[in-house]
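Shared between the two complexes below is chain A, which pairs with chain B and chain C, respectively.
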Partner chain A sequence: MSSINRESITLVTGVIGADTHIVGNRILSMGLEEAGFKVVTLGALTPAAEFVKAAIETAADGIMVSSLYGQGELDCRGFRDLCIEAGLDGILLYIGGSLVVGKQEWSEVEGRFLGMGFDRAFANATRVEDVVEALDKDFAARKKSG
Partner chain B sequence: MNLNSDDTPISAAAIPADDFALMRTENLARWPTGADVDLDEAVEFHKSLPQEKQLGWVMRRAAEEGRCLTQPRGGFGTLELQLELMRALDQDGMADIVPTTTDSYTRNEQWEQAATGIEESKRQGRSMLNGFPMVNYGPKEARKLIEAINKPAIVLSGTAMPRLTCEVGFAAGFSGYLGSGIAYTTSYTKDTSIAEGIRNYQYLDRLAALYQEKGVELHRRQPGFLTGTNVPPCIAIAVGVLDALLAAGQGVKNYGLELAQTLHLIQDAAAIKVCGELAQEYLLAAGFEDMFTPVTSLHWMGAWPQDDAQSAALVSYGGTLAAVGGAVSVTTKSTHEAYGIPTPAANAEGLRTTRMAVYLARHIRLDDLPEFKAEVDLLRRETRPIIDKALEMGDGDAALGAVRALEAGALDIPWSPSRFVKSRVMPARDADGYLRIYDPGDMVFASDVAEIHTERLKKRAEVEGVAFDRNLAVKSVYEISEPLDKLLPFPWAAE
Partner chain C sequence: MSAALLIDFGSTFTKLRAIDLADGNIIGSGQGPSTVETDVTEGLSTALADLEGHLGALPNFKHRLACSSAAGGLGMVTVGLVRELTAEAAKQAALGAGAKLTGAFSYGLTKGDIADIERLAPDIILLAGGTDGGNAEVILENAAKLAAAGLTCPVVIAGNREAAEEVAALLEAAGSPVIVTENVMPEFGVLNVEPARAAIRQVFIDRIVHAKGIDKAAALFDAVLMPTPAAVLEGARLLSAGHGDIAGLGPLVVVDVGGATTDVHSVADGAPTKEGVIAHGLPEPHLKRTVEGDLGMRINAAAIAEAAGLEQLAAGAGLAVARAEEILQMLSADIERLPDGEDEQRFDQTLAEAALKIAMTRHAGSLAIVQTVAGPVSVQTGKDLGQIKTLIGTGGVLAHGKNPAAALMATLADPLVPQSLKPQAPDIRLDKDYVLFAVGLLAEREPEAALTLGIRHMHSVT
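For the complex of A and B:
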């Protein structure tokens, strides 16, 4: 499977908006590093524009956004456009956490975020191994397509 | 003169009266409702309240009588919804202490956005804010909340910027206020310096002391849950004691300390005992002889299970832990915890479930149990050196010591979002269910104490047949939220 070289891939991680829930994002960052990726951690309370800025500065291949406090839907609107405007056309975008207010059907929530331009959306309590597997698959597919 | 400037040297000394008067004038001018804050009128209102609606009196009386009071959390975006919620918690939930949680805009002093949130909530007929916008409503409107209930009321506002909200809350007639400079700054901010957070809470404590000087004893409370994720009792207690010293420095006399439950009966009981004990020990040593420091136990603050039945067990067990440990009050959650903010009915049910558990456990104490005594002894040996080191680093000053110790990692908070905290310490649950420290980061423990932690965690790795590594800490973060079929399946199920 590992036709991709994880050491050559840089990922930006952080918690978007006015959200201080850092635990899951930190566990993800640790896990990604352990798996061999280069990880740039922005931590809690990170505005959308800061993700994009960090991605440009580090020539990142992907941005991993976390949101736990329910307002992610507001915070993430226009995120893909921000990336495109900054010249990050093909950058891989993942989102994960408790993405909306209250209990809602996951398939609908996922659809909403994919519609916003995220390549994948993950429900709360997704394990790091599953994210690494998805990253391998997505970067391998990109490599193949050129 | 800018009294809020970040380059004013930090110290635990009381803010001089003249400076404080200037600070108040500046502060109250930041939003129109600030003009409605009239301290002398508020003092008269507090004095006119019956004793059972004054939290300072209620906490003292509960401690004397050995009671364990119940208190939930809760806040909605409009006065009407908040009135309804507080009545439901008071009457249907039998809450002994009734809360008002503020919304996130208010906590971040974004009052214009809070105003939009109020309008949106009115338009939609449901709360669009995750709490009550105390400052926007102002003291006159917020007083209607106090008048609607028959119990004392407390403000809950997780922020490092409490200055205007506390003025409005106390003026409205709230007699309790949760929050502290070290705990909230390390847990709710990324770029706010610890010194700035401490200064903001010195303002709040100084204000509470001003009421005290005028004959009204308010209840201040320290939010010991910190990041809410597997905080070892020694760290929670060390922070609590330092925050208490800071409050005492401003003249506060009635100061509660909170501890989040580890969910281990013996460890939680030991923590409640040692917390009260060490607070008094260090306050006395610093010359503060008359500060009352009751301990509050908090239902599980980490990730909750999705299943209502599993959550109900945590709610009920949380009442047991608080009562057996001898906590003066318990702060409750509900079966809706995994999904966010509970309905008034679910919140009230969490209160009653807890109340029944408190009733059932009311005569049980662990004092003579050898395992309890051993844990108390261990906890004392863990905690004293952390506090001593911080005070030493501050040349005896708790404010300076806290800033320096956090910077150096000698005092460390697990999973903190703040860049002024090292956050290298890593806790994990051991084979017997105690919360231990897997990696102390730069915190220094006596070698025999550190050895106990390592040995217990190695035992867990051995029992589970996994490596002794960081994953023990990571798994401990998720453990309690796991489904039952993973936690405790039928052991002999056919493949």
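For the complex of A and C:
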């Protein structure tokens, strides 16, 4: 995957809502940075609107939302609309973590978040490498089409 | 004797302080009217004659340095991208440079915004937007709109460095003098207001002093270094930090309640001091100035009453509401009025306490409880000023007031409102002889004398 220049890509990371679980998000941010992306880290307890504001100011190419406390579905409602409203129409949106409470079929959960406008959803314990691979693929595809 | 002359060209008076550089004592003061509208030299000559009258003869001054808030002060408009991010950083930079901020804009400027800026006719525009490598479109668009409007005031450019050259070229072609400096927010969440502050200061010295006609009196002084609020802030910075062997006063807050506005300056990191508190939002500048444009003892007396409640003010002053209202109307109508009689003095005191209390509440940070799955978490926005060591009151209202100590106490933390992070138990001092501006003007050239002067003349009132 050398067709994209990771250094020219800015990603915003953070943990959405009233969620203090910062560790997974920090590992992700460090991993993305190591892979060569420009990373803007918002940390824990980040309202949806702050992801959008940071993305505007930094002209980000993607937003990586973490949610670990089971309220992700509520917190992320309207996230894509918020981006469109702010003029970030084509921004790449990923979500990952413990997205729902209790045992639920992953494909169902994933479908729900994709339906909310996220480009990809990742289950708990996804490796950073897999996320980087997905990013490379998605940005390469955008480059081709755009 | 080695002496320095410090001049404040104010909006009403031209004030002088002559300082002995050997021991940091005031050797004399002088005052004249502010005559910047006609010829600034007249007021300064009158003030010098006044000083000479006190001293017998004027010494040969080693430094003759001035600051100015005359002719409307340094009127500035700031433009940034996101309101809470680069637009906020730009605002902080302008206020920290001692500007009178008349407009703060964010996102793309509209036709209405441009019309507002033309009407405000700022002395300087500070144009920011985008982190370095971030959004470049909006600052370019805004520059193009400002250029098209034919605004020719100097523009300080402190936005996305990738766009800065093009932005400068656009504005220069339209006839604006431009100064490119470092981004006020080079990375997301990183405040970098010092370079913009310095650039604004330079434009003030190079251009604004001349534009306001203050340089007409250039033969009588060496330099006009900065706007008066910047001199006060510089004074506060030196008093806090100390110099060489002379210890400073530590983290401190300076408050100044005036006829039209109430200023609060803090020199403190303001990091959380309570256990388990998480800081949220933009990092706070160590040197922070806020100006409450709706809290002033005369021009905005009615606005204070509106914010604090006329009934409360009346009760605080021990007056009937009707009498309080009568006094309020008198004060608003006659902005030069000095309190006359017991009632007016008590009302003025209550008004000052209310303005200071509200201004400090707005300047200080606050705590909010966020309920999480793991239990409640305290989130801090703004500066925690709870532990600051020194609180200083400056300006005529406090210096000449009946009970400045009580007025200053009104700014302190209220145990019933623990979420407001105001000073808890600072030493309270008063700039009774109005020297803080002089401390700031001397800070760079004679730091020791300046610091001694400041510490000696900030009189303890507790």
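Definition applied: the second predicted complex is superposed on the first by the 146 of 146 C-alpha atoms of A that agree within 3 Å, B and C clash if a C-alpha of one lies under 4 Å from a C-alpha of the other, contacts with A are read in each partner's own complex, and residues count from 1 in each chain.
Just so it is clear, a contact is a pair of C-beta atoms (placed from the backbone, for glycine too) under 8 Å apart; a residue touches a chain by one contact, two chains touch by 3 or more.
Since the structure is predicted, the reported quantities are computational estimates derived from the model, not experimental observations.
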| item | value |
| --- | --- |
| Partners on chain A (chain B, chain C) - clash or fit | clash |
| Contacts of A:Thr10 with chain B and chain C, given as first, second, both or neither | second |
| Which of chain B and chain C A:Ile27 touches, first, second, both or neither | first |
| First, second, both or neither for A:Ile84, with chain B first and chain C second | neither |
| Contacts of A:Ala134 with chain B and chain C, given as first, second, both or neither | neither |
| Partner chain(s) touched by A:Lys38 [first = chain B, second = chain C, both, neither] | second |
| First (chain B), second (chain C), both or neither touched by A:Met116 | neither |
| First, second, both or neither for A:Ala125, with chain B first and chain C second | first |
| Which of chain B and chain C A:Lys53 touches, first, second, both or neither | second |
| Superposition clash, chain B against chain C - the stretch among 188-196, 242-250 or 440-448 that is involved | 188-196 |
| Residues of chain A contacting chain B in one complex and chain C in the other | 18, 20, 44-45, 69-70 |
| Residues on chain C engaged by chain A in the complex (per definition of touch) | 81-82, 84-86, 130-131, 133-136, 185, 187-189, 278, 280, 370-374, 377, 379 |
| Partner chain C, residues of chain A touching it in the complex | 10, 12, 18-20, 38, 40, 44-45, 53-54, 56-60, 69-71 |
| Of chain B, residues touching chain A in the complex | 104, 108, 130, 187-191, 227, 229, 303, 339-340, 415-417, 419, 470, 474, 477-478, 481 |
| Contacting residues of chain A [partner chain B, same complex] | 15, 18, 20, 22-23, 26-27, 30-31, 43-45, 69-70, 98, 101-103, 125 |
